[in-house]
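Please see the structure below; I have some questions.
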Amino acid sequence: MSTPETKQYTYKEWYPTTKAKAQQPDLSPEEKARPFAKYYYEEIPQPDPAHYAMMEKPCDPAKALYPEQMNDLLNPGYLDVEIGWCNLANGAGFIANKIVYPGVTAEMIDWWFAWHPLEDLRYRIWYPPQHGGIHLSPEGRKRILDESIPMSERNWGVVHHVTENCDCGMENITISFFSPKDYGFDMTRFKQPFVSTFAGGQGWAVTVDKNDESITAPAMMCHIFRDTPEGLEHRTRFWLGYRLSNGVPECTLPPGVAVPQVAVQGLARHNVKEFTRFKHFLPRIYAEFGGKMIV
Amino acid sequence: MSTPETKQYTYKEWYPTTKAKAQQPDLSPEEKARPFAKYYYEEIPQPDPAHYAMMEKPCDPAKALYPEQMNDLLNPGYLDVEIGWCNLANGAGFIANKIVYPGVTAEMIDWWFAWHPLEDLRYRIWYPPQHGGIHLSPEGRKRILDESIPMSERNWGVVHHVTENCDCGMENITISFFSPKDYGFDMTRFKQPFVSTFAGGQGWAVTVDKNDESITAPAMMCHIFRDTPEGLEHRTRFWLGYRLSNGVPECTLPPGVAVPQVAVQGLARHNVKEFTRFKHFLPRIYAEFGGKMIV
Amino acid sequence: MPIKLMAASRKRPGLTRAEYQRYIEFYHGTIARQERFKIDSYVQNHVIDGAFGLLSDADHQNKVVDRDAVVEISFKNFREMMETLEPAVPSAASQDGKFFANESTNIIVMAEEEEIPVPTPLTTFNPGLGIVKGVGAMKVLQYIMRDEDVYPEDYKKYWRMAHEEAVEKAPYYKEQARRVQANWRCRANDNDGAARKHFKMVDPPVYDLVVTHWFDTMEQVGAFRQYVEAMQNSAGPKFANWSKSFYLYTKQIVIIRDTPLS
Amino acid sequence: MPIKLMAASRKRPGLTRAEYQRYIEFYHGTIARQERFKIDSYVQNHVIDGAFGLLSDADHQNKVVDRDAVVEISFKNFREMMETLEPAVPSAASQDGKFFANESTNIIVMAEEEEIPVPTPLTTFNPGLGIVKGVGAMKVLQYIMRDEDVYPEDYKKYWRMAHEEAVEKAPYYKEQARRVQANWRCRANDNDGAARKHFKMVDPPVYDLVVTHWFDTMEQVGAFRQYVEAMQNSAGPKFANWSKSFYLYTKQIVIIRDTPLS
């Protein structure tokens, strides 16, 4: 049966659609008829000004976490930088963010990361100002819809083909999601109370207006969650300029090249904005659709 | 020193000029200034009607001469067909013509055939209604102008690049002139009184408007001359569809293909017309320019 | 992690294949040894023969249907590759290409290696002590063009399915393939303008996968023919544009390969 | 007089050179022997190597820079050639080309042979009884494109001058060339639409001359390199477009050659 969740473009068909998605068009009649379309029209909450201000200036690179140290995220307590961004000594970009979600559970996170890539609109309602659209390959969709796979594992090996503006213009970003093990976590330590769930992978980003001179930029994305008395604590790390090469983080910048500050700061601010929205929105939408993939 | 006789086009330059020549344009100011330009404006004598009428219908192919029999032209007397045309049994075209030139000598013939290819105008004055132009390669020109070579041998090995209408539209015809020996004559018999001189060779003709489908047609051309009490006797033979292949005549028609009658008759009539003109014109122009190549 | 530059080129005007291969082995190769930069290892694969496209194609769809060598230059990581390709002072190697290659038709793949297990890494013919596996004198490089409808991530999966199916359907290949390596295109330096400029390429085709197959000797290369037919007819999802794919039978020439002192 | 059809082709999609050469020798060749029509003799020249254009060329100016064989089919005369090429019922041979050749890139020359005397038709290395001259196991086919400024009749003359000069300037060639044959394009069936259609060619380059050189073995083919450099630098008038010229080192395979009973 054909449903909005099973609508599939081939790669050749999908790619040119991203230029239209980048224009953030009005919802189509079919989209407007979706039961979650109302979220698209909500007023989007602004970040806490104090929080947003922490992304104003770069932090001290000496206090930043390198991806090779990702297992420090499994330590109790907090690292030197939990909110901030900077360029690392090797030129890579570093971003940390922390936000606490009262009333949110790890199950909600797992459901959301598996649920939202099935339709452009599911992605757009997350953060309408900057989310253009999303698509999956046939095999990715098959896995996401495979009820035999635990929700927390649905995204493992799946690639999200995202069209998104991270404060530096609309880009096509392919994000390959990994299991925590494949991402590089020490699985002997990957357990409660140090971690409740994880969503992360490696992305390649290139402008929607790609030409032969455009740079395709790698980044490692890490969203790790743990339970706190105040609610689920979301700790984000990005390492821009890094790729996961056969499971090992590698800075993939040409010698002497640094990720532009504007790109690092842009993604940092975008992250604060989209997860501020997330905080207010996830419990409500989970209450309506949680656990289901087809709605 | 550059003179009209030494004006040289490269092959690449020459070829496109033939389309203009085929239009038989008015003489240029330079051509009008040539001392022999007046011949271009003469009234052209019409063929003897009785002679022309002999080209009305084909002759009996059984009486035609094959190129393999060319040495019969060295016999005393006359052959079965001295004026006429037909298709041979193998599809080739046969033409015979005979015309007597009072007051003309073999020396005039030799001079004319060497003199005329040096300029378009020299060729055009021969038969203005149907002669478009002519050109030589650098090596051909060099030989033609080489005073160390007897006039009777100047054309041996030279190719005339002729633009001419043989009653079937303007064609580019490359005529490779041969010595009588290379043409195939028995040189033990090639002497007075059987022959006074010879001009002949093998041509390839293709329409000036050549395209990929155009046929490039071979022909063997034989002008043989002998002295008679009435004057120099010119006997012409053409074998259309024949080429000289390493000195041996070969019918080069695909199986089942015959040279169209219209082409055979056209060339026969053209031949009568251009040599009627020749008869009246050669003694006069020779008197003016004979023996000289540069005028 | 290691990254490998694979450059497939053909002879420049005026050279025979033999003259081209002489040049790359003894001149280009020696230059790379004299100015090693950060090269970890360097092998050349000298082409013996090859086929381009499919028998069912009415005409060739590969822009170039003759390749004379594929050189493979390995680096410990992307940064060392870039340091070598674009040093502060242009390297002799970077200016040497024009002396042997028809550079505008170069095909460059920056690849990461994946070893694919083979059922029979050791020959039964003269295996010696039996301690050396996964080697072979005949190396086949198979450039497979992804079908443009297929997502790159699915392409990896479908190729592997087709490979496993082909191995089963090609018993002689199954018996004779000594080693298989999938070289996956890395998006770092995504065949972009800079790479085209560096390698003087004009509108190069982009290959996401080059599979290397090793066989004992040329005598066994028919195993590849059996395999490639099975793969082209595999029952799984369409993943390749075989008309734009090709394969090369090559002889490997080692230029740089360090052997630790024991 | 004898006329010879020379067809240079390359492998169709999907075939290796070895597979192409197997096909033309054992299938196409056998078809020609089964349906001989008026073929007088038929030899195939299987390409081993070759070079296209000039070292000074920035890019290839030959449309195709790989050739896998040149077949030479001789007829007693033009008519017998046409009877063979276009029989009342299409011949199997005429439909067979698509199974091995990339037909759109065929180059056809209908040529007349001219033997060019060589100084040393007999080898000094193992000449045996000394009664066999003008033979050699290594056959070089040299396709020379006429310079478009040069008249065809002058081209013949200039080539011969350059040849004689090159022979003198290339002493090893002078010593090693066992036989030389100039194959001059005949204007009968002037590479026109019919020929293009028959041979499925698309905009084929037109060669007025193919020179064949025989050497004892591959060991002596360097003599050709010496000769061709001397010729390209000859002092006489420019006659060739060397950028659009090429040469092939080949192994001759006889398909049809009658030997009279003695």
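Every chain is named by a letter (A, B, C and D) in the order it is written, and numbering of its residues begins at 1.
Simple rule for what comes next: a contact is a pair of C-beta atoms (placed from the backbone, for glycine too) under 8 Å apart; a residue touches a chain by one contact, two chains touch by 3 or more.
Computed from a predicted model, the values in this text were never measured in an experiment.
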Required steps from chain B to chain D (each step between touching chains, minimum): 1
Cα-centroid distance, chain B relative to chain C, in whole angstrom: 65
Distance between the centres, which are taken as Cα means, of chain D and chain C, whole angstrom: 34
Centre-of-Cα separation between chain B and chain A, whole angstrom: 88
Where chain B touches two or more other chains, by residue: none
Touching two or more other chains - residues of chain D: none
Chain contact graph, described as a line, ring, star, complete graph or other shape: line
Interchain pairs in contact, sorted by label: A-C, B-D, C-D
Chain B residues within the chain D interface of the complex: 10-13, 137-140, 157-159, 161, 174, 176, 204, 206, 211-216, 218, 243, 245-246, 248, 250-255
Contact set on chain C toward chain D in their complex: 10-19, 49-57, 59-62, 65-66, 102, 104, 243, 249
Residues on chain D engaged by chain B in the complex (per definition of touch): 1, 3, 77-79, 82-83, 86, 112, 148-154, 157, 186-190, 192-194, 196, 237
